[in-house]
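Structures are listed in the sections that come next.
One chain, chain A, links the two complexes that follow: it is found with chain B in the first and with chain C in the second.
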Partner chain A sequence: MNAEAYIHLLKLLAPEAILVVTALVVLGLGLSPSSERMRPLLTRLTLFGGLVAASVLYLFSKNACILNGMVVLDPLGRIFKLVILGLGLITVIFSAASPVRRHYAEYLALILFSTVGMMLLAGTEELLMIFLALELTSISLYVLTAYLKDSTASAEAGLKYFLIGGVSAAFLLFGLSLVYGVAGTTNLRALVAISPALAGDPLMLVGIVLTLVGFGFKVAAVPFHLWAPDVYEGAPTPTAALVASGSKVAGFFILAKMLALGFGASVGMAAWSQFRPGWLPVLAIMAALSILLGNLAALVQSNVKRLLAYSAIAHSGYMLLGLTSASEAGFTAVLFYVIIYALTTIGAFGVVSVVERRRGGSQLQDFDGLHKTAPGLALCLLVFLISLAGIPPLAGFFGKFYMFSETLAASGKGANPSMLWLVVLAIALNAVSLYYYLIVLKHVFVAKPAEEERVKAPACGPLIAALALSVLLLGLFPNVLLEPLRAAVKNYTSSLVLP
Partner chain B sequence: MNAMNDYPLLIIFLAIAIVFPLIPLALAWAWGVLFSPAKPGKDKGAIYECGIASTGAAQIQFQSHYYLYALVFLIFDVETIFLLPFAAAFLKLPPAAFLALMVFLLLLVEGLIWAWAKGILRWK
Partner chain C sequence: MILNATFLSAFLGVVLVLILPRRAEHFARWIALLAALAGLAFALKAFVGYDQSAGAPHFQYVTRIPWIDALGISFFTQADGISLILLVLTGIIAIAGVLFSWNVTRRPRAFFAFFLTIIGGVYGVFQSFDLFLLFVFYEIVIVPKYFLIAAWGSTNREYGAMKLTIFSVAGSALVLLATVATYAVSGVHSFDLLVLADHARVVFPPAFQIWAFPAMFLGFAVLAGIWPFHTWAPTGHVAAPTAVSMLLAGVVMKLGSYSALRVAMTLFPQGLEQWRTVIAVLATIGILYGALVALAQRDLKFVVGYSSVNHMGFVLLGLVTLNTIGLSGAVLQMFSHGIIGGLLFAVVGRMIYDRTHTREISALGAMGLSKALPFAAFTFTVASVASMGLPGFSGFIAEFTILSGSWKPFPLLLIPTGIGVVVTVAFTLRALQRSFFAPKEDGPPNPAAHHPPFDPITLAEKLGACLLMATTLGVGLYPKILLDPIMHSFGSPLMHQLIREVASK
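Up next is the complex of A and B:
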């Protein structure tokens, strides 16, 4: 590698580099003795660094692919990097008022590091780099989860996340090594050319299944979901928001990319009673179990963060269902839905964090009479939960509808029999999900408040309102996001040299 | 000999590998039972510490926060592994590679300074 290549690499990774430098500066400033008073300064500095990185990414970045696919930038990757960066910055704003008292600078730096990991994940087509970026993301998130030193729930959540995450990383690495062993390349684009010859190779199938185990953990799909409820409940709420939104977006993006590119030919079949080995039946089973268990377990939760965790498991199921379409339109629908889902869920966690700070807990009773004490927040929560339940005119409805219809349309064609059984299951249980979202809203709007007085709006109020507004507007005008996404996916698939 | 016939050979190897060390162990045990009756005593049961009379019990408490030193040490240990090939090929490398390695060193040094300032290197 010569000097030019280094400069090219630095140019391509400028947004990530800016984030890392910001994190290092924040770490350094956090060492000063008066770091408690410097809290607002640290938050602002982090946001400033993030905004600079976002504008560099949006304005100055060029499409490129260097180091044999290690670092790639294309329109699709740019959209997802921007979304992930945005979610990271929203998390930073939430943490400004979080219960994290000690080592605040390190908290911000870790959020930035995990954001950098997710952005690298969105910008690579190389198995090794995928693993490294996933590890960077996960290790930062483990620490962020266990951050509340005097809370045993936080420590327990961190340990569970770490142990299960470590095991799943081992599965993923083993799966990737098998894929490499069979295919002889770690580059996803090179795999596209080879994969038809490998379809049906038993070792390749084992590799695919092991890889899917690793990703199943990342996106909290049943039966690899066990960490999710404890982590969402025990972690500091901003961390939970990042785990629920950013890491899910990055996870689904790279999963879709791997399925489309790396495993393209080993599709298999998952229509009712017509299973054939490949990644499709594995995904279909994971999707069915996630939808079933997520929605049913959420019915009996008394803690809102835990309820959101089970709802997240169910939503992972819906998105895995979308991936079983194995078509360009279906993948576009999943990518669209995961962005919508991330915006909605991070907004819901924002409301939860405000309530938690005020009442000291996130049990259902803590939400009693929220519309009296904070009408704006209650309205935002209504928008978020109704969107998660998938009721028009909110974005969640359009996203789900689009995903289900594309799955049906794509899977009914030709030799690929219909996935109707899975879609019917998803729609039936989506109706069930309305019940537990409405229970939360019943506590918010019907139950009597513990104290009557109005509370002044929290600092992150405008942000939550903006998120709620965007969820509403994306439901009314989905083309604002869908058109660029569709164009980017089209651009991406046309750049592939299919055999 | 084809590939399938290698496996019985492997099993024979395994059997020998298990039996071979068992023979001296069994002989030693038989010798002990037959010729040396057990006579336990204070000196005989003492902990062996290079011949000097032992002081205190063997189950002492280790300070668990030693792990922080171990972590910092590990980072710089790994750093050496990266530096060695760099040093070996130093004269053939472009200036940009030197710059890249300096960035790597800078990251590690910031880590050390951070750990130092946080008081991790102070023994409590």
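Up next is the complex of A and C:
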């Protein structure tokens, strides 16, 4: 590779490079003895670096595809890189007031590193690069999860996340190696050309299933979800927020891309009692189990973070359901929903982190009477949870409605579309989910507060309010996000037409 | 736009109430009253301006703005006579509801914010002609109900609130499923009710209608209190604070019956044909069962709660007669029960319970309420008489029309329905007589009889009660004011096709 190619690469990866440099600077400053007093400075510096990276990405980046698809930038990827970067920066703001006392600079740097990993994930079409980016993300997240040194819950969560994540990485790598072995290429676009010929190949199918197992861990789908409740509960809340939002966005984005591109031909069938091998039945089963188990287990939780973890599992199920549509509109719906979901859930974690700091825990009782002590926060939490429950006019409702409609529409126009069974299940359990969200909100709005005095608004209050407002506005005017996304997906699928 | 002004004024009220500073929180009720008055003013203006001449369009005040292109959703509102009548009903109930919650002093901002949210959602449903939009407004109503009951309610409030919410959500899950399936199966890339109904017979295969119709109809009818899914209604009504009982009985139950008519019945004519008799039987059971259970209640509010099940049974029966007489009766009954049910709950919840702190019929009887609270006794008498269906009040016209309409399609059902009417008279008179006009007992002195003097009935209560009483009397004496717009609406392609097609068989 010559110098010119390096410059080209650097130009393309400028946002990521800026983030890495910022992370290194923050790390360096953190070495100074008075690092505790420099907390605000470190936060601001990180945010500044992030904003510069975002503006470079938004204003100056050009579409390109270099090194045989290792690094790709297209309109769709740009949207997702921006979303991921935004979620990372929101996490940084939440961290400013987090329980992380020691090694704050390293904490910020690790958030940046995992953000870089997710952004790389959103900008590649190469199996090896996908694996590397996933590992960069995951390893940073393992450390971030185990960051509270004096909390055994945090250590346990970190270890659990690491062990299960390691096994899943092995599955993923094995699956990818099988795919490579059969297809002879690691490039996703090259796979598009070859995959019709490999549609019935048993080895290819094994490769696909193993890959899906690997991704099942990443997006916390049943039966690969075991790490999620512990991580959400034990990790420092900003970490949990990042795991729940950014990592999910990146995971679903790359999963949708791989299904659409690489495995396109090995679809299979998942109509009720008419399964045929391919990735569709695997996804359908994972979706059904996640929706069932996530929603039912959430009913009995007494810790709000754990409840959000099971709700996250259920939402993974809904999104996997959307992916079973295997259509352009269906993928658009999933990508739309995952962004909405990330905004909503990170907002909910924001509220949880504020409550946790004040009351020392995130049990249901700790939310008693929040409407009195912090009316603004209570209203925001109402918006987030009701959106997660899929009640209009909030964004979560339209997202789900769109996903279910497109999935059903893609599965046939007869009297009984083939995915009807899964949609029926999803809608039924979505109705169940309102129950546990209302239980939380009952503590917030109906129960009497333990202490009467009103607390002053937290520093991240405006950010949480902005998130709540965006959830409301995206529900009223989904076109704002949906139209660019649709155009980007259309542009993407049209680029897949073989020469 | 005048239609949209109804729900916009309610939602504007919500925003104003929310930004009210804590010092000025007692102004919340004034804001709510203004918003409710504005809503009624707009609804009335639209109602008066509805052109009923022979050649006039059936749907007027059309607003259609593209909203979400990805699914072919548009913001599409308009109104025919049926919509307008229910919009006016919503306005009246909203005002009465605010007047009867004038004494809410605990967290008034939150109370009126949730209250106005429900009102806005209800206004929205009655004017939406895009299935998605209709569903959005329909769902907006669900969550505020929970908080209003759980936080401001009385007897067993958290249980009642959750039960009501679970029933509503289960119903709307059925509706959501049928809606999504309708979009998928139709393939017309639109949620416009007129477009969908146009395609209904061509595109929706009978095998689809046979399950989609009951899903959609029952989903809506749960909210209308169809037997055996009515059990949320008595518990919910009893647990709710007065204004919310009034809303529930007055307009929220009508959301169910209205949407069942507007959506389920027009979209799936073949499914309707198959399930029509089943629904008629369920409705008749509701009439009879509601009346019999009301006869056995000791709690006055439960009597009124079960009477709602009874009266809504008439609405559902009227809907499936599928002839102009029965259908117009159903719409009239929606209006009439809205007013009368609201009035009954207002007396029981606000005038009586807030003062006596009991609703036991025997305890109330011992208090000599007809002397202690003459205005309450008078209002309850008027409401009871109207509820029994005495000529001169709106209830008579409505139930009489429904019975005449069901003579032809369901002659056998008239026997149990007739018995239901008689039992209705019995339970109403029983409740009225025992709680307000019980004779002085000679036995040992009843402790409940010795009570401190009650606060006098406030001006707000009197105004609210008079508004409702005047409405039911006015409609009872001059039903043409509602019947004419209803009849005009039956000419629209949506309704016309429904009526002619099925009745001719």
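Quick notes on this structure:
Quick note on the criterion: the second predicted complex is superposed on the first by the 492 of 499 C-alpha atoms of A that agree within 3 Å, B and C clash if a C-alpha of one lies under 4 Å from a C-alpha of the other, contacts with A are read in each partner's own complex, and residues count from 1 in each chain.
The rule we apply is simple: a residue touches a chain if its C-beta (ideal position, glycine included) is under 8 Å from a C-beta of that chain, and two chains touch if they have at least 3 such contacts.
All figures in this text were calculated on a predicted structure; none of them were measured in a lab.
Contacts of A:Leu59 after superposition on the shared chain: neither chain B nor chain C is touched.
When the two structures are aligned on the shared chain, A:Ile7 is found in touch with chain B, with no touch to chain C.
Once the two complexes are overlaid on the shared chain, A:Phe401 sits against chain C while remaining clear of chain B.
Residue contacts after overlaying the shared chain place A:Ala409 against chain C, while chain B stays out of touching range.
Contact with chain B, but none with chain C, is seen for A:Leu31 once the two complexes are overlaid on the shared chain. When chain B and chain C are set side by side, the one touching more residues of chain A is C. The contact surfaces that chain B and chain C form on chain A in the two complexes do not overlap at any residue.
The part of chain A that touches chain C in the complex is made up of residues 329, 332, 371, 379, 386, 391-393, 397-398, 401-402, 404-405, 408-409, 411, 413-417, 420, 423-424, 427-428, 430-431, 434-435, 438, 441-442, 445-446, 478-479, 482-483, 486.
Only residues 18, 67-71, 107, 110, 132, 135-136, 139-140, 142-143, 146-147, 150-151, 158, 162, 165-166, 169-170, 172-173, 176-177, 180-181, 183-185, 187, 205-208 of chain C touch chain A when the two sit together in their complex.
For chain A in complex with chain B, the touching residues are 1-3, 5-7, 24, 27-28, 31. Those residues of chain B lying in contact with chain A across their complex are 94-97, 99-100, 107, 110, 114, 117-118.
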